[in-house]
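In the two assemblies presented below, chain A is common to both, partnered first by chain B and then by chain C.
What follows is the complex of A and B.
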């Protein structure tokens, strides 16, 4: 071996590292490649989760740092579950999510079916429909808050013009418990139906033409084609859209906090508002951590149920 | 002269003139050596958007000129202020040197060790201007606002009670004259009858613009809770001497019923009205009466430029006495507190002592700031620009109760419970008796979680409202 050859060889230590972690080590090398992603995932996903788990087992109140911290076991979870305000917020959240997602799904699907037809001005209409979804939720909530503002909002003004024909006063859009709740659902539907529309339109575009042609030859009605061909083949898109929207609607915050702040009374207080009140108004970090973990469990269970139901139906259809 | 020479001359002049002309603070320099050494530093101050802070803000350039210390103010909406300030303090970054502190939050901030004691600075002659005179502050105002565990933590701006404001001209048109402030004639029955006489929604005037929004009950209903008590129950309005919740009683029920009865003067869509909505209706001439806070009167009702419809037509009264003659002893105040994590404590104090000095406080009353010093109350400036403060002087010396809203960390939750249950009565979901019972259950749970009922616990805070003479010490006597 010449001197030149010797000088181009990597030092022994580097050779050792390459052997241990390099492509030649098939057991370790994949982990080396995944390491940056795993580190980021741990830092932004797993660590906060573990930290919340740890905090929920303590008695941490941020505004009372002088109180000694100690382990309280499952007390925080028990305290949440025994709190009537939690169950009220839970019912409100579930009811809000179900109503909003149900309406958004059918409206989104209807629009997607409508725009599937080659009508004039469809592309412009599609663009206009997407505008609410592009707006930041905070901005959308503020716009609607002013639209429903008592005595001065545009919606209040025009609805009053109608109700006055019947001898009625201004519609209390945000002041009556039931009406305020439905008003929030209306705004949520306005904002998120475009998302459902996009997902359904993409799903419809991916359905092959052959089953429709076969059905046409067989003389099947539009209604029958919709229920026996479109809906079953659209199921994967529906599953993704409904799961995403359900998780999102379950966590709705900006819209409610801007428009009603959970009122009147506690008619529109959802779990997210209950959580932020506990954590950021009362600064009870441990109870807030317990609430957030319970919310996470609820979302996981709901998603799991959706996926199971859709899969079993898809398998049955196949 | 050639263009090149002219340019050179201009450059030379631009360099020399600033060196030759001393800065304003050097021309009439009353600064101490320690204050001079602070020139060039920066002080960051976090404050809520409120008229009294806006009034003081007009003086900041003058301070910067005099002391050479730059003051950077971050202003955020009031409803986000507590959250933002507590998070900042809790993180301990020292991002802000000074915080605006509401009287309600002092115990929470001071007990947590977020604030620096101020008396060492007050007594530091190098940092405090001669003539600052801490004993010029009203004893109950400075101690009620800034003292925790016998230690001074904050210096107050204006401090005053909440009350009611009515249109004297509308009363006159309806054939009656409103009484004077603190007259026993002005009680809950009188207020209801007066509002009823003027109430005429068809002509665009409602009898009383109340504040029933869920988030405000701890501020706007509390006066009625106090007013409806019997004199022998004073001090036990919602807490007894053992920290047990006592709110579930017939007086509370009567006070909720009265507060909700005022709904008959309001539009159907008013259940969420906060201070902003009620004030806006009044400012536009749409209401005969409304809620006020003493420090907001100038900014909200009496500024001729901004409230042309109502300015100069108002009578500012106390909150009405209840059926047994009790008047709410409200105490409201904002103050300056210094962060324990500040890196510019001395400069921050120089700003605080200047902006709360006799001279600046008196001058600031012209722009809407309130008084907290004897000298300001007695000044001609206050009498000229804000005469409605004069009747409040004796009240703030002898009657006001800094613990009207118990200054314990659980207050935020207690206040929230009042709002949650009270507003359910307003919207017709439950009756007042159920609300009072629910309040007691939920508040008891909050106190229990706060550790107030641990058997044998001996370190519970003192209930200072049972002997208000505690607050009447001379300001300089505090630690």
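What follows is the complex of A and C.
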């Protein structure tokens, strides 16, 4: 038996391959491990990107295939940048993202801090708090569409009981431009504060006890402890949570499509909705591709700056 | 003086924390978070008349009318199975494939590492609508439109950046010397990975997989445009009951029950893993 085992040694060629691509080659082996991921991402990520780049250089309108295609250079980008609707959507998106993420972050952190106390029934309460985040975004949007539906929803019913005291009718939750915008922010906060809470709770759980004990000996106030110990030590958790949430809020889709479809007028038309309308309602594939590339540039720049700022501040703190 | 006092007395005398206002806030938050969903679920068990009533019917006789309509007449269980198959398989593939990529980024110091990890993340930044048209055309040529394998491939790719980013952080937290000592003892790289690193990673992998599974189960934009009949998943199927002039709220409610029940059950079972896994990752940084 032992002879047979010895004779089963891999042939020389395979050993050569193992030497070149195997774990012993520290320069090449990581690329072998990453290859499947990179190939898949290339197929589904890079290829559509290149396709979009190619289409954006032409004048493709899907509903009019008989129009001759030709290259138009940077015309599509120019037409997007000169479109007032684009800038309106841009401001709407930024304002939506900033408000939503800001409120969600502080509410989530506040909730996580409350759970630092010794409480009963923590796991039940945590589970109940997490429910909005577990629901599909589609379902969250449908639920609130129902809640705010004129003549049918709980919110419209009970709020009109209040407003009728002042001689007013139903609150136009989704049909007044400014109110509809705030309604959407409210629903986004409802849906995603639990996510912030979860990330902050995990971050708080991993902060070591020693700095707090030292601060207690020094008699530092809890306000000071929060700003000088908790916040700096939470930075990695905050970075991850805020970057993920910002990127997702920036491209919120289901919520807006289901609740307002970008309306009334274009009050809640974010970039994603503007893009959808251009591409899937007007079938202007080239302009849509240009919009999507501009959007992607914005997101990349935003998160790059974010990560840089946070890294440098974290390193400075250490 | 006071500092010394607290140090001496606090361990013995149980600290009296007046927490009633904390409970008040937390219970308020719980109600706010649960009630809208609960109301939708209740509506699902109403009959057509009570669901259509203008005043909210908090007390009603339960009826399975809406569920019968969905299951017998609309065949929603097919959509349910599609959703299940797609989310389980794409979770399996994305975690298995992304794990090795995360490991490489965490463990090896190769040229261009930061660029690769940032590039992987940028794939998550593309708005789904932006890549929709090219993917639609590609799927059309490859005959993947309205098929389950098509959706599985797409979701696997969509979730990979998230998996890689989550797991990279977790792998960094596991000291390299554990594997190295296993390899000194004669294990190959893969044996060391499987026997030492993987068990240590299990809580984080579980937490990541839970997230990925939920995201795949919930995905809406691609499912809407890339499936029509055969591979239609739950989200686009449910969307159909919410449009039109007179929405039947009890049917919508029943559909919401069907799409969310597995999620709630799943999270109930997995709750402990979720919190443990997440805190493992952010720990010790």
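In this section, the second predicted complex is superposed on the first by the 281 of 318 C-alpha atoms of A that agree within 3 Å, B and C clash if a C-alpha of one lies under 4 Å from a C-alpha of the other, contacts with A are read in each partner's own complex, and residues count from 1 in each chain.
Rule of thumb we're sticking to: contacts are C-beta pairs under 8 Å (C-beta built on N, C-alpha and C of every residue); 3 or more make two chains touch, one makes a residue touch a chain.
Because the structure is a prediction, the values reported are computed rather than measured.
Is A:108 in contact with chain B, with chain C, with both, or with neither (first, second, both, neither)?
Once the two structures are laid over each other on A, A:108 reaches no partner at all.
According to the stated criteria, A:57 is in contact with first (chain B), second (chain C), both, or neither; which is it?
Once the two structures are laid over each other on A, A:57 reaches no partner at all.
So, does A:264 touch the first partner chain B, the second partner chain C, both, or neither?
The first partner, chain B, only.
Return the chain, chain B or chain C, that is in touch with more residues of chain A.
C
In the superposed arrangement, which partner chain does A:280 touch: chain B (first), chain C (second), both, or neither?
A:280 sits against chain B and chain C alike.
Name the contact category of A:125: first (chain B only), second (chain C only), both, or neither.
After superposing on A, A:125 lies in contact with chain C but is clear of chain B.
With both complexes overlaid on chain A, does A:151 touch chain B (first), chain C (second), both or neither?
both
Touching chain B and also chain C: which chain A residues?
62, 151, 280
Enumerate the contact residues on chain A facing chain C in the complex.
22-23, 26-27, 29-31, 33-34, 36-38, 40-41, 43-45, 47-49, 51-52, 55, 62, 111, 114, 117-119, 123, 125-132, 134-139, 142-147, 149, 151-152, 154, 157, 190, 194, 198-199, 201-203, 205-206, 216-219, 236-237, 240, 247, 251, 253-254, 258, 271-272, 275-276, 279-280, 285, 288-289, 291-293, 295-296, 299-300, 303-304, 307
Contact residues on chain A for chain B in the complex?
Residues 61-67, 79, 85, 150-151, 156, 169-177, 260-267, 277, 280-284.
Which chain C residues qualify as touching chain A in the complex?
Answer in residue numbers: 2-3, 6-7, 17, 19, 22-23, 25-27, 29-30, 32-34, 36-37, 39-40, 43, 52, 54-56, 97-98, 100-101, 103-105, 107-108, 110-111, 113, 116, 118, 120-135, 137-138, 153-154, 156-158, 160-161, 164, 169, 188-190, 214, 217-218, 220-221, 235, 238-239, 242, 247, 249, 252, 256, 259-260, 263-264, 267-268, 271, 274-275, 278-279, 281-285.
What part of chain B is in contact with chain A in the complex they form?
So the residues of chain B touching chain A come out as 82-83, 86-87, 90, 108, 111-113, 213-215, 267-273, 277, 281, 409, 412-413, 416, 420, 423-424, 426-427, 429, 442, 449, 451.
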